[in-house]
Structures are given as structure tokens and as C-alpha cells.
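Labels for the chains are A, B, C, D, E and F, by order of writing; each one numbers its residues from 1.
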């Protein structure tokens, strides 16, 4: 199993969710994060002074999937999250040793189904 | 070392904390996340219209433990987080290469003790 | 590639950011988390009763870097995040299989540059 | 008519012509309006009667209504009106995030339900003529309330009955809303509305009659309650205690989980607006702009200030820190305790009452731990204890210098008055407590009082109202 | 002079000496001030004229100004003043987090821009003398407004013109601010300011003139609008509809994304403060402290209460839950519908109007889904529908018992009045709708009305104002 | 007695019987009360004296007290009362999340401490009789203040002394609270309370005496300050500057970390409520409901509106965006600058003063960067600069048409008045600045003024008060 961790723009979350559901991937975990990268952060005004933040709001999506689904999931995310502008984000893929479903105690691939 | 990452219901956090403390596991990191899965999200009412959210609030617990502790930790979490209803969450287990304690610069198993 | 995940004190975030920028590491993802460990949580007063929280606010920094950069990044974080007091946090290092840049679809080391 | 009156009459006619009072949107003959009012002001003149007979202004206040008093009471009424939203803020900020809206709804729904019940029934029960001293008749029921004349019984002759009804309504609204702090985070919304509505009819209307109706039996006994220390605060505090006992503890309290207030900035602002509104509550209870109103304003303000200081000192000594919630709680404690006393005490005793209440209530909010009931937002500790304390301290500090009309009540000396205050408070507190238990038990026979454990964990906002306070 | 008047004169002199009215910071001769005012009160006396001639107080109100009425109207004015920040809270809590400030700015900027336009121009257009019944002259333009005298046309003789100008200003401010709810989360700030400013001059000032100016043509027709049900609510509701159509739907609505209110606690508090301020809005519209003011206060309060109950019952029946936003919306719906009726109806009909409005508006907020326009915060559903409903129900329930001055309007019977109400509302609604379309189209020719898609996604706060509401 | 008076007397008796004024809860003989008040109104009548002698109402206002003025001043007092919670919101929203409560506490604690000090001491120091023009005597100290009579010195004869004390108290509360914006996010709570309390006694009471006491030396000089532009705003601005210098910069400022306001919606609402309250502040400073009150109301409202516009235009030109914080800041700047001028200028100049202040303050908030002090919430830039500017512009625009009582002050021409304004402001500002430095240095000798670096990083709320504003 792999964990596919995507950092995306908050406004693409809905689109990514839809794309994943079309793939029949129904499980995922979403976290609000802030990202630093090539993209400039927002510029805030405070009584005439301006601050440019180094961090931009992002959303992290974690999908743990069977090894065989990796490619399709990554593709679906890239497609639905892409705007073409700097700041679209990254996907990190890492190996997961085991999964447990808390409700049933199931382990391994069964826990994901 | 392994990282044990559990997605649980927010209301089970206290119970899991207690269970882990009983195991003498005192280190963990907690993140508020939102999860999509089999569970239906909350239904919100807004001036008579109703929205069903696709995401439910969850809590992510990360415990980095010695390989030998993995089994006990997972069991403790399953036991304390289980309600038996859909939405209890998942545990993901992955290998960690190294740990550093920032305060002392210690590395490896020593950094966890 | 490795993922360097550091749990640090919120107030050291700026310093760590600066230290990483000096290393020419410009990408990172930041999450607000809460940590349990040796450190005591804050004590809150509520109409004369006092609660000591078990969790303290922390910030999680994730930097995915080339294997060769690992040492420098870890050192920079330790140096800039250290106060010497209990609660400075931990760094977890784990292997990452692949990286994708959503904007371009690039993969591997190229996606990080 | 003597000749000397002819000339003024002419003047008046001229004046009235000049001040043609057609209001925007109405085209009624210019010289018909406002004359009556105007003449009422100059009512010492023999010629008034004639002039009135000639050209009555049909929208003017009746003879005997004081315009300055009426303006003041309109102001006092809106000030008390704003106290209920302020209470919603005060309470709503103190509960956990997941219960913020449900807690605020407890206050807001009272503005809806109690208003209608008051209009149709309870105003008359409380302030209608009473022969027995226990309950008023139905003369003002079903909305039969004059808007330009005083009440027929003459008890409050200087302001129109409609205004008196509204002013008293605001008290009737906030009293059951106060109780809600005790049942926050666990009571079912429907059961709450049923309980407070019945309580308002069965408990509030009678005790308001006993204490404030001209013929109320406690009124005749000689107990003093200027603005509702017992009727409002002690009664709601005792009802709160009954409700705590009937409902049991929140799960989180049983499990010793931390219960953290979601937004103390809102609680502070609510406390500030309560202070603002309380001026109308206490100074308005003079029902006129007179020495008592000003004296009550001064005493009320000083008690709030001293209550804040008292609580903060107590906190500083006990735990080493003065908290923002302590400041908010202390000022409310001061205001609660000065409520029965406001129009009877001088400024420095007023401040003293507040100061004592600040310290006492800072300790009494811990009674719930000692006695093991779960009073979510300390209604018993603040309104119950503070209300009782205020009733007694009214007996201690009431002074004929501050209020020359209480000579009778002070005839027996300060100790006798304290005794009467004690009796008055005990009777009302006991009645409210017992009646509340009975009402709650009755409702429980039909429908559960309390949300289920799952609902409690999920939070009242989502479970009962289908909403979340914040999406930040 | 007859001898019997000599002695009062002496008394007055004594009195005036005693009440030496030097205000702090000014050292003007003590016996020069306040005499005039004082004497105005005692104006029935023949001797007044002489006394005034002797020692006029240059800061006193002119003869004919009623001091109690003026105090009341100052109070009413500040109450209506606070409604615009309250509206900012009500709306600001309902939008998504990223648009909270921009939505509040829509209300606040009206307090800036409309005030200045009103002082220089629009007060005079609305309330200056009009011969044609369509638009006032420029007598009060450029800030030429007396502070101690009534308006020269005598329409409102009992309060100073400066105060009347301010009171009416508060209505002029909140009316365009109401529209902003419809365009929230997508309109450009500059375009919004341009639209509302032009609308205020081209639409609001004329219709205020038609309905409220003594010679306004709708006023003469016999349509009743006590406090602005058509001028304020129906007009803004129709302008809101025009704006929705011109602007199109928000992206999130098109994409069926959930749109969650950022802070309903703020919305609730805003609704509470609107209730508070609305007392000044409706009861103040009597422009005097008389029977009508008290009657309007009662009707207004009861309508708000019943509106809340109506909406909650409707929600409970339809979806099984009574919501906090429903309580807030229902009380506002009740207040909207009672606005034209407040001074014309008795208490129980007042409550009934609110109750009906609560139920009707609970349904009508869904019209936008049926007809496919995007009215962000339901201005059409609440102010449009509620305003129209109120106008009609005013015809149904207006009663000569509640308000003896409307005998003329009721001469033709209730049905005829309903017909007039209908005509009045339709004319104003249609004018506002069409004029709004034209104004918006004109502005669009110069500058885009709507933020870009990226700005909409980013949120108005950051994109247009460079700010974030919260950094929590 | 001439026969023509016999009949009125009978009328009065009848009237008084009808208006039997027993207040609820008190059973005093019906015909004893309210008569006095009533007769005071009709005081021109010879027969009054006799009637009063017969049946005095012991709770009525003393002869000479104006009831309409008193109602108005009660209203003005509660309006100013609400300004301090409003300031808490305004400031509390601007600081970082971790300091929200501590910043609000800075305002709230003033409502506690200053009230008590005022009652016992400082009201008398400021408004007691003064022979030297520098400080009042102790006649009103220890709470010895009449509730139904005016002050004995006759300076404010138309309202009771107790009310005057309260009204002035509200100014005394908010003035030191204003300073707190400069020390936010770093000053120790105890040191803050010590500093403001001493400042209130040593700085505020004297300068209030100099400017507002009938015999105050600056008052006699001829400088104009209608509602406290120098006493309140410039004085607090200069104290704020002193405090900034004594405290040094926040760590985050030194490290150039971004400092983001936690909740600008709260700041906006606070600004809205400040506007609301400021009507009481400025129009109430007429201390009567007269031409000056109405004029001040108009000028104040227009200045706030124009101040908002001025600041937003300035922002738009400088940085391309009009911000919500700019709107809030601009309206406050307008209100600050109009404060000394409110009762002396006509509407259009009033708006102009606000507009100029909006622009000037939009620039002056950057002075702190230029000169390197850390004024957390721009008290120097807004209240210091705005207060000084207002004092000068009062000299420029004061007009005898707006206020006929300032003929004396304008005798030397506008330039001479400007010079007096300049002197008055400089004296007060310099005194406040130097005295503040000395007070702070003295406190520093005993206890640190500033929180430790760790406390600053942790946030004042948790470190000093053991609380968190939000648990969301």
C-alpha cells in the first residue's frame, strides 16, 4: 500500500474530491495547511503598511491506496488540481507498511476496501 | 522505528490519550483533520435548505514508536477508539528512518525515550 | 528523497523558515498541531478552577528534500528551533518514493527543484 | 372666567398653529394635534379644560401621563430589551464551541415566546388588579392594554399602560433566560421552551404579583425589592438549581474532560452590554425620572465596578491571576446584588454591596463542586447566591436618606427589615425551587428533558439545530 | 396686564436665576440661557413673550419645539444609527469567512457616503418643499439646516430640523445597505459604492418624497406606510432583485459547493441589535412621544417575537429542526412586515402580522432556487416579500382604534385601503426595480460590476480589501 | 391671591390625585409624589410655591432641574458608558489572538477602578469648587453627591449632581483606556492598573478642572474644547507616547514578524458602537437638550462619515485598496477631531474637519515607523495627532452662528482663537507627557512595567490571565 499525499490549492478541493469519487476512491483525509514555495503569499494591508506573507493556505489530501491504484489516483489528482499557475502544489508518494480499520480491527488491504 | 498514524473520532481523543499513557507512551502529536469515507458527513441547515457535508471532523494522532512497541500501541488505539459505528477511522503504519530530539540533538531510539 | 518532518514550537517558526531559506530550501508545508510529551500543557483558569491541558500547541514543518540535503536541513532546523527547554520537539525522517509537481506533472527530483 | 385668562388662550392658539403637528405621511388638520399634550404640561391653567374640549389631539398622551417620565421609560425599556441578546453573548461565549448557538437560542427564544404569552396572559396575571394578593385578574389579557392612558388601577399613573407592559415584559423575558445557563450543553430545546414557558406563567407571574403588584401580599409585608433581586435573580437561581438536579451532570463533567469556553471576547462584550442594559433595569425601576432613578443609576454603576474589583482581587489572592472571565463575572455579580437595593441605598453602600458580592460569588461558584451538581454557567453561584445576598444587604444598607419613601419599612429598624427581606427571599426561592421541580418532572413524564449522549458529544448545535456556530 | 400676572413673572425671574445654565467651559452670563426653553414649556402664559424679549437664551430651542419629543427623537435617531452596524453583523456572519469584511464594509461605507450626500443634497430633495409632489426643492441643500428651529414648511413642527434631518438620514443609510446582502460575495467595491450612491439620489430621495413629504403624491393618494415598509424594505428588495439579475450567480452556487456562514453567533447578535434599533425605527416614526409611538413600540416588539416563532415553527415542520439562523431571520421578517403597519395596528394584529411574515418568508427564501437567481443573503425573500406583505397587511389590519388619524384613509373601507396599499407598493417596487437596472447597466458600461473569478475564489476580503477577517 | 388663581389650584389638585404616583412596591400616599416635579414644569405660576409647601414629593427632582435635559443626559451617559466596551472590541480585535483578552481587560478594568476612584475622590478634584483654578476642593469626595439637586456651585444647574458625576465619569473611564492601545501586547497588568489609576488622579482630574471647571484657568483663558479633544484625546495620546517610549518595542516588531489582527469583524463592530456612543459624548457635552446638542450631533455624525471617506481615499491612493480597518480607523479619526469642535461648528465645516482628520491620521499612523517607537494600536497617530488637529481646527471653524455663546472667545478674531487653542493643547499635552513619564518611571522603580520575553511570546492572555480568548 502507498500513501499519496497531495498539497493542493484550497479551491481545488471539491474538484479533487469529485475526481477521486469517480475513481471509486471514497476514503481520504484532509488537513488545512500552509505552504511555502515559489508562490508569493497574500499581501495584507494593516493601516497603510503592507505585509506579504511567506505562507499561502493549502489543503493536504492523504489517500492510502493499494499499490495498483497509485497511478490512477495520482493522475486524477494532477488533472483535477491543476491550474497551471505557480502554487498548484506537490504530491508525495510513500510506502505504507500496514493499515488497520479501527471499527473492525481488519488489517492490510481488507482494511481499505 | 515506526510511525503509527491513527485517524479517529474527535470525541475518542481523551480515551486514546489515557490508553496510551497507560502503556507509558507519552509522546504524540495531534492534528485536527477532516475525513471522507463510508460515514456520511453532518447535515447543515441554512434557511431551510439542507447541505450534507462530505467531510466529517476527525483527529489524527501520530505516535512514533520503537518497532517493538508497535503492536501494543495499535491495540491500545483500536480498543480505546472503537465505537463500532461506521467512521471509527483507520490506522496507518509506516517505517521511519530516524528521529532527532531538537532540544538535545539526540538521534535514533534515544530521541524517543 | 526524504521527508523531514519537524514538530517545533510555534514561536520558532519564523526562525526555522529563515534558516531554511539560507540553505536555499524554499519549499515546505506547515501544519498547526498539538503535542503531548514531557512538556506540561498550559494551565487555564475558568472561574477560579484551573485546568492543565495535556496538549501544547506545536507547529509541524514538512520538507521533502533530496537525500543529499537531509543532513543540512536537519541541522538547520535543530539549530534554529532549539531553545534548550523541554518541549522543543522532534524531527522524524522517512523515505519518500516519488514526488509529482501538480502544475507540470514533473516527477522525481525535478519536481522538487 | 376672569379676564386675565383670555389672553393666554389666544397665545396658545397661536402656538398650536405654529407647531402644526401633522406627522409625515398623515394629513390630519394641523391644529388638532399635540395640543392636549402641550396643555397637559401647562396643566395648572384653568383654561386648559376648555381648550382640550375644543380640539383634542387624538394621538396625544392622556392627562396625567408625564412626557419626560415616558421618554425615560421608553429608554429604560430598550435598555432592558438589549440585555437578552447581551445575555446570549455572555452565555454563548462560555460554552464549548459545539454548543454556542444552542446556548444563544435559549435566550433568543425567550424574546419570542415570553413576549406573546405576556401580551395574551401573564402581564395581566402579574399586574392586573388583585384582590387576594396572589394573582392578578384578566383585565389586561388578550392584548387589551391602553397605549395613551395609564393602567386603570392607578399604580403607575405617570406612564402609559402599553409602555409599562413592555418595560415589565423585558424583565419577564430575561428571567427564564437566566436559568438557561444552568442547563446549557445538555437540555433538549423543546423541553427547555416548555419548561420556561410554563415557569413564566406558573412561577414568574405570581411572584411578580406578590412583590410588585400594588396589592401583592409580599409587597404589603414590607419586603423591599427595587428592581427584582428576588423576583428575577433569586427566583431564577433557585429554578436553575432545580433544573441542575433534574438534569444531572454533563458527560464531559463526569469524565473530567476540560470544558473550555469557545469565545471569551464575546462573553466580555456581553458583560459590557449587560452593564449598559442594567442601567435601564435598575434606574428604570423608579418608573419615573426622579431622585430614585438617579440614585439607582449611581448605586448600580458603582456596584458593577466594585463587583469586578472584588472578584478580581479574590482571584488574584486565590490563584495568582486576575482573569477576563473573572472581570465579566464580577461585574455581573455586583449588578445582581445591587438589583434589589439600587433605589434604597447611597453611593458608597452601593459600591460596598457590589464589592461584597464580587468576593462572595467568586467563592460560591465552587459550591457546585462541593455539592456535586452541574450548573454549567454558574447560575446558582451568581444569580442564586448573589440575589439572596442582595436581598439581605438591602436590609442592611437601605436608608431613608437615599429613599425617603421607605420610612414605613424602616420603622422597625434595620434588623426588622433584614428579617422581612429574609422572609421575602426564602418564600420566593422555595416556591420557585419546588414549582420548578414539579414542572420539570411533569414535562419529563411526556418527553425527555435531556439530549442523548451522542447528541451531547456531537454538540447541541449540530444535533438539535442542524448548524455550526463557526466555519472559520 | 392684569395684576394676577405680575407675581408669576417674578417667580420666573427667580427660577431662571437659580438655574443658571452656563455649561461647563463657557462663561456666558448666567441668566441669559435656557429661559426661552423654559418659557416655551409654560407657553400658555401671557407674560412669556415679554420675558423672552428681555433675555433670550441663544442656545435654547425655538418656540414650538417640544423638548420631550426632541429627547425621544434623539434617542430614536441613535437607535436607528446602530442598526447599520447591526446589519453589518447580521450579514457579515452569514457570508463565507473570506468575504466577511467586504460584506460588513458594504454597510459601513453607507454610513460614510450617504451621510455626506444627504447633508449636501438628498435630504432637501426628499423633505424640501415640493410643489409637484415628485421631488423636493433645494432649500435645505448644502447643509443649510436649522438646529434649533423646525423645518420651515411646518410638516414636523415639534422637533428641530437638524434632528429631523439626522433621523431621516439613518433610514437613508440603511436602505441601500440592505441591498448589499443580495450582491455579497461577488460585487466590486467601487461599483457597489457607485450604485448605492446613485440609487440613493435617483431612487431613494424621490420615493421618500412621494410617501413622506407633506405634498408627496403617494402621500396624498392615501397609502399608509408608517415607518418605511415600502420606501425602505420593498424598494431595497426590488433593487436587490435587479442587482441579482445583473450580476449573475456566484461561482460556488453554480458549482453547487456548500456555502457555509462563517459566524452565526455574530449574525444572532446582529439580529438582536437590529431588534433594539428597530424600536427607534418604528416607534420613532411617530416623530413624537405620543400614543402612536407607544402603539408602534408594542406592535413592533410583538411582531418581531411572533415572526421568530412563525419561522421556527415553519422550519420545525419542514425540516424537523428549529435553527438559530431561522430565529434571527424570523425576527427580522416580523420586523420588516410590521414596519409599514406599526403605528396603525393594535397589539394582537401586530403580532399576527409578524407571525404571518415569519411563515411566508420562511418559504419565500426558496424562490431564488425556483427562479434561478442568486440572492446571496435573501434580501428579496425577506425584505422584498416581507415589505410587500407588510404593505398589504397594513391595509388589512389598520384600525382607527389604534390610530385615530387615519379616518380619511379608511373612509373607503378596508378593501379600498388594501387597494391603495397595493398601488403604492407596486409603483415604488416597479420604479426601484427598473431604475436599479438602468443604473447598474450604466455603471457596467464604464467598469465591471463583478469581481473576477479568481477574486471570487480568493475571497473579496483579500482580493479587494487586502485583509483577512480572522487570524485565529 | 387673586380670584383668577383659585381655579387653577383646584385643577392641579385634581390632576395630582389622578396621577397617583405610588411606584410598584412602595405604598406611599398617592397624592404626595410627583407634584413637585410637575409644578416645577409649570413653575411660572404664582401658586406653585404654596402647593409645594403643602405636599412635597420627597423623590421628585429639586426645583431648577430640567426633566427633559435630565432624561437626555441619562441617555448621553449610557451612550458614553457603552463606549468603553466598544473600545475593548475595537482594540481587542486588532491585537494578535494571544493578546485579545488582555487588551480588552485594559478597557474593562478602567470601568472598575476609575469608577471607584471617581466616586471617592477625583470627581471632586475635577468639578469641586476651585479658587486657584488648578484643582477642585473635596466637597463632593467620599461619595457626597446629591441625587436630586444640582451641584452647589451652580455651574450645571439643570441636571442633578449625581447624574453630572456619572456623565463625567464615563469620560474619566475611557480616557486612560484609550492609552492602553499603545501598550498592548506587552505591558504587565498590574503596572497598567497602577499607571492608569495614578494618571487619572494626577493628570486627568487636574486637566479636567483646568478646562471644564467653571473657574479652571484654561477655561478662563478662552480656549475652546467642547467635548474633550484635548482633555481626552490629546492628553491620552501624549500619555501613550510617553508609555511607548518607556516600554520599548514588542519583540515581534523588533524581529519584523508579521503582526496580524485576530478579528477585524470585532474591530469594525467596536468602531460602529463607538460612533453610537460618541453621540452621547459630543452632543451630551451640551449638558442640555438645546441647539448646541443638535448641532453637535450633526457635526459629529458628519465628521465620522467624512473621516471614514477621507481615510479610505487616502488608502486607495497610496496602496490601491480601501480596507475595513481603514474605514474603522477613519471614522474614529473623524470623531476624535470633531470632539473639541462639535458644539462650535456648522455641519459642513464639521464634515470638513472629519475629512481632514481622516486623511491626516491615515498618514500620521506611520510616524511611529519614522521615529522608531512602537505604538501598538496607533494611539499617538490617531488620538494624539487627531486630538491636536481637532483643537486647531476648532479655532479655524468655530462660528458664532453655530454657537452664539462664544462671542467672547471670538472677539480677537479667528487667528487669536487658533492661538489660544494652540496654547491650551500644548500645555495639556506637555503636562500629560511629562507627568506620564514620571509616573511610569516611579512605578518602574518598584515593579517591571513590561512582561518578560517568554510571556510576550506566549501571549499576555495565557501568561498574565491564564486564559485563551478562543477555543474554536
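Following the convention adopted for this analysis, a contact is a pair of C-beta atoms (placed from the backbone, for glycine too) under 8 Å apart; a residue touches a chain by one contact, two chains touch by 3 or more.
Bear in mind that the values here come from a model prediction, so they are computed numbers and not experimental data.
*Asks:* What chains touch chain E and also chain F?
*Replies:* A, D
*Asks:* What's the minimum number of touch steps needed to get from chain A to chain D?
*Replies:* 2
*Asks:* Once you count every C-beta pair in contact for both, which comes out on top, A-F or B-C?
*Replies:* More contacting C-beta pairs are found at B-C.
*Asks:* Just to confirm, which listed pair, B-E, B-D or A-F, duplicates the contacts seen in C-F for more than half of them?
*Replies:* Copy of the C-F interface among the listed pairs: B-D.
*Asks:* Is the contact between copies chain D and chain E built from the same residues on both sides or from different ones, judged by whether over half of the numbers are shared?
*Replies:* different
*Asks:* So how far apart, in whole Å, are chain B and chain F when each is placed at the average of its C-alpha atoms?
*Replies:* 54
*Asks:* If you average the CA atoms of chain A and of chain E, how far apart do the two points sit, in angstrom?
*Replies:* Measuring from centre to centre gives 49 Å for this pair.
*Asks:* Could you say which residues in chain A touch two or more other chains, in rising order?
*Replies:* Residues 31, 44-46, 50, 94-95 of chain A each touch two or more of the other chains.
*Asks:* For chain E, give me the residues that contact two or more of the other chains.
*Replies:* 2, 4, 41-42, 45, 48, 68, 71, 75, 260-261, 263, 319, 321, 323, 325, 465-468, 470, 472
*Asks:* Check the chains against each other and report every pair that touches.
*Replies:* A-B, A-C, A-E, A-F, B-C, B-D, B-E, C-D, C-F, D-E, D-F, E-F
*Asks:* If you look only at chain D, which of its residues touch chain E in the complex?
*Replies:* Going through chain D, the ones touching chain E are 2-4, 7-9, 11-12, 15, 18-28, 30, 33-34, 37-39, 41-42, 45, 47-48, 57-61, 67-68, 70-71, 74-75, 77-78, 81-82, 84-85, 88-89, 92-93, 100-102, 104-105, 108-109, 111-113, 115-116, 119-120, 142-143, 145, 147-148, 160, 162-163, 165-166, 169, 189, 263, 266, 461, 464-472.
*Asks:* Using the touch rule from the top, collect the residues of chain F that touch chain A in their complex.
*Replies:* Those residues of chain F that touch chain A are 258-261, 314-315, 318-319, 321, 323, 325-326, 329, 362-363, 365-366, 369, 378.
*Asks:* Touching residues of chain C toward chain F in the complex: what are they?
*Replies:* It comes out as residues 11, 14, 42-46, 50.
*Asks:* Can you tell me which positions in chain A touch chain C when the two form their complex?
*Replies:* 2, 6-8, 31-38, 54-55, 58, 60, 74, 77-78, 81-95
*Asks:* Which of the residues in chain D end up touching chain B in this complex?
*Replies:* 255, 257, 457, 462, 465-468
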